[in-house]
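Each of the next two complexes has subunit A plus one other chain: subunit B in the first, subunit C in the second.
What follows is the complex of A and B.
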């Protein structure tokens, strides 16, 4: 059983943050909200998303599992006008999702969840450094790095106490330092890792500019990126494997 | 008198510069062209080239979609026509640059301008070359799909232009050219059965048909000719494809097929370094454990054909892809990227493994005339026949190789995505 009404904006934000990594996903329809966990085919990036029942106008579910084609569902959600609502209802018999937007009815064929890749268990990583900053600072860093290179180094200078972004291209370099005065919070720890901009650019697209974003970093270790959306009732965690420089 | 001698900053025409370089390095070519001229006179009857045989075609790309389609024929050396077709055999027989240029310059390109999908008035209603088997284009298509040289008679519109034109790295250097009015087959071409099958199936998409031919043992050279002639793919989509584009399209398509074959294969378990050298080009191929990732980095020495200024710097280019391939166009390295990738993927598929792969190509100033992208494909393919070196780590291998490169290790790390850092995956950090 699943029946819900949600603002198109909230639904789109949730779907967009997952579709940067995968084309299809499983949605767990829990009693207290829905959750999605997915890893990209290359095993480089993963996303863990939850959207609380409180983020919906109305929400009823009893622990079902559905498989969806994300771009289809995103396209449908895109049909709503700004501020519009999307009504979702699962037909258990036909295994189809009935969607209503302003009188528009759309019946979406679902994908057998068993045919979608097994969801990963999140690795338990002990990441020594943590940086809290605004989404727009991530956007600025990624955009500037992309002008010169295909990868970006993120790290923490423990001595001088700042978070830095480095990108080295054929000829040009980008360097950005953010100190505790510009950051919301900084937990010092040894951290320096290189990441593919292909992935970070996609993740960045999903991060709202005004969101408070937490980065957890280590030395040649994956980065964890946490942020909230839908007034804090939705949470996303990305994890991205580094490009290894040393061996 | 040259303008650039008087106006500061005006670059001499690049093509002209390459021609000059090619001429300086080998007078043999000019001698060869004179020989060609004599043979040509003998083969001509009125304005018709009789008793000729065409092993292949060349589809140009100038003024697309109204492009020149050319029948290539070795004038006066008809019995050896097969040897004039570019293929892996050239590498196997250790052709030097001179040998390649002799083959190329001994091949008359009799061309006629035509529309890629509407060579005749009738075909303008439903643009496609699917049914075009008459006229000049029809004869060209027959020649392209045949598996051996086809006897033809070519009506020329004038005398050939013998100017040596080295062409470009992807396209082939062309020899003498003549404008053609008409062409007639003087024998029935022999078309292999799998080609007849792809030809007859009118809703088989081009990519699938190309892959089918490859799996049936056709090499990319043959598939390229068939694609170029618009003789495979969905019938409404069939059109003439400039040779230069079709080479890249076939390398890319077959490469994607092979990449799919190793997608779930286990990784190699050690770092291997392969090396090869051919016609002034040196290759290092570093394979390392992990999921598929590929990069080609090219370093072109000052004074080599693509970097003519002898006092300049080493010119570098690179392009790479991750596990899922590229979504964007290759801006640097162009056709070489796909040709080298094909060679690597063929090797990995043959051993049933995947790997991270960095191909380094150094072009020395001994590479004084471009012989075509086949040189890259064959050099990489054959690099795997030799012994390989082993290394503890990928970056260790790159550091060791870079001591032999014309650029510093630091410089390589800036230019190369893989040398800067190799993509790890989450399973290495406990993801299950």
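What follows is the complex of A and C.
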């Protein structure tokens, strides 16, 4: 059983953060909210999302599992007007999701969850450095790096106590330093890793500019990117594997 | 190249590369290289891979583009070469040359004695790849940090052995004989464009209600790399005969037929010469600059033929997967 009413904006935020990595996903309809875990086909980027029942106008579920085509569901949520609500109801018999938006009824065929790529195990990482900053600073870093390169180095200078972003292109370079005065928080630790901008750009698209974002970093280790949405009642954690320089 | 008639028996399904990401593939290196050699020689102007003194190193072009394909799909290849010395060192190249001379002598003897099994075995080890190709392939693979295993005899048997021990997820070979060597899962068409095929031993045995021994016996009737098979016996007849009579000997007796050296061929598949003495480091860290210099500067291969392949390797191998940390 699953029946819920949620603001189109909250639903879109949740779906967008997953659709940057995969086209289809499984949604766990738990009693206290829904959760999604997915990894891209290359096993490089992972997302772990939870949306608490409190983020919904109303929410009833009993632990079901559905498979959805994300772009289809995003398109439907996009039909709502600003501030509009989306009503979702699962028909267990037909395995279809009935969606209502301002009198518009849409019946969405679900995907067999078994046909969707298996959900990843979350690597248990103990990352030494942590940086808390605003979403807009990530956006700025990613945009600047993208002008010169396909990858971006993120690291922490333990001596001078700042977080830095480096991108080296064939001709041009980008460097950005954020000190403790510009950051919300900084936990010092050895950290320097290189990441694909293809992935980071996509993840950046989902991160709200005003969100408080926590980055956890290590030396040639995956990065964890953590932020909240829907007034903190939604939580997203991305994990991205590093590029390792071959020489 | 094995017997294509086995295809009719084998359970094979196409599988997208993305479902294979993160796997280790024990590749029958001679089989793999040979595929690339024939396509390179067929489609590329010979000047691009022939040195000033007339030595052909088309294998280097093949290796570069072939490895790019593995790396792009996050597959880790382990190259398993047919019988030869264990490591590539200057003095051992000499010993391999000697070994090759020994094989050739043995082949000569086998021909004189008309020993068909020995001829087939030795021909596959001596004729397919030249000494230069043997040496340069190993040297390039070493620079690209691709693990190499030297099989004591058939590379395919060794690859199957490694897969059975759990040191590889798949055997990579075009040869249907991989099944007979007991490879649990074999990937075919790794050298072609498009998706590979996955051939499953368990599903094959289940489908026909056979044991591996029964499958080997049926294959010997049809014909393998090591024996020509009985004329007029195809997969259907062979399967039926084994099902009815239990094993090769009874099946042959019932038909009044004889397979020369059937017992030796059977033994070759049942108890192939393999070794547990190998080390495989699947964390690959290629030295692309050195590999490029080796191919282009040292062996004079036309840079244009390998530029794209090296770019693809460079762009792909450095991206790690999250599974490395879980």
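Criterion: the second predicted complex is superposed on the first by the 245 of 247 C-alpha atoms of A that agree within 3 Å, B and C clash if a C-alpha of one lies under 4 Å from a C-alpha of the other, contacts with A are read in each partner's own complex, and residues count from 1 in each chain.
The rule we apply is simple: contacts are C-beta pairs under 8 Å (C-beta built on N, C-alpha and C of every residue); 3 or more make two chains touch, one makes a residue touch a chain.
Here the structure is a predicted model, which is why all the values come from computation and not from measurement.
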| item | value |
| --- | --- |
| Joint occupancy of subunit A by subunit B and subunit C, clash or fit | clash |
| Partner chain(s) touched by A:44 [first = subunit B, second = subunit C, both, neither] | both |
| Partner chain(s) touched by A:17 [first = subunit B, second = subunit C, both, neither] | neither |
| Touched partner set for A:168, first subunit B, second subunit C, both or neither | first |
| Partner chain(s) touched by A:222 [first = subunit B, second = subunit C, both, neither] | both |
| Superposition-derived comparison: subunit B or subunit C, residues of subunit A touched | B |
| Subunit B collision site on subunit C, chosen from 189-197, 207-215, 225-233 or 243-251, when both complexes are overlaid on chain A | 189-197 |
| Subunit A residues contacted in one complex by subunit B, in the other by subunit C | 39, 41-46, 120-125, 196, 221-222, 239, 241-247 |
| Complex contact set, residues of subunit C against subunit A | 18, 21-22, 74, 285-289, 314, 317-326 |
| Complex contact set, residues of subunit B against subunit A | 291, 316, 320, 322-324, 392-396, 413-415, 417, 420-432 |
| Subunit C-touching residues of subunit A, taken from the complex the two chains share | 39, 41-46, 120-125, 196, 221-222, 239, 241-247 |
| Footprint of subunit B on subunit A - complex, ascending | 39, 41-46, 120-125, 150-151, 168-171, 194, 196, 198, 221-222, 239, 241-247 |
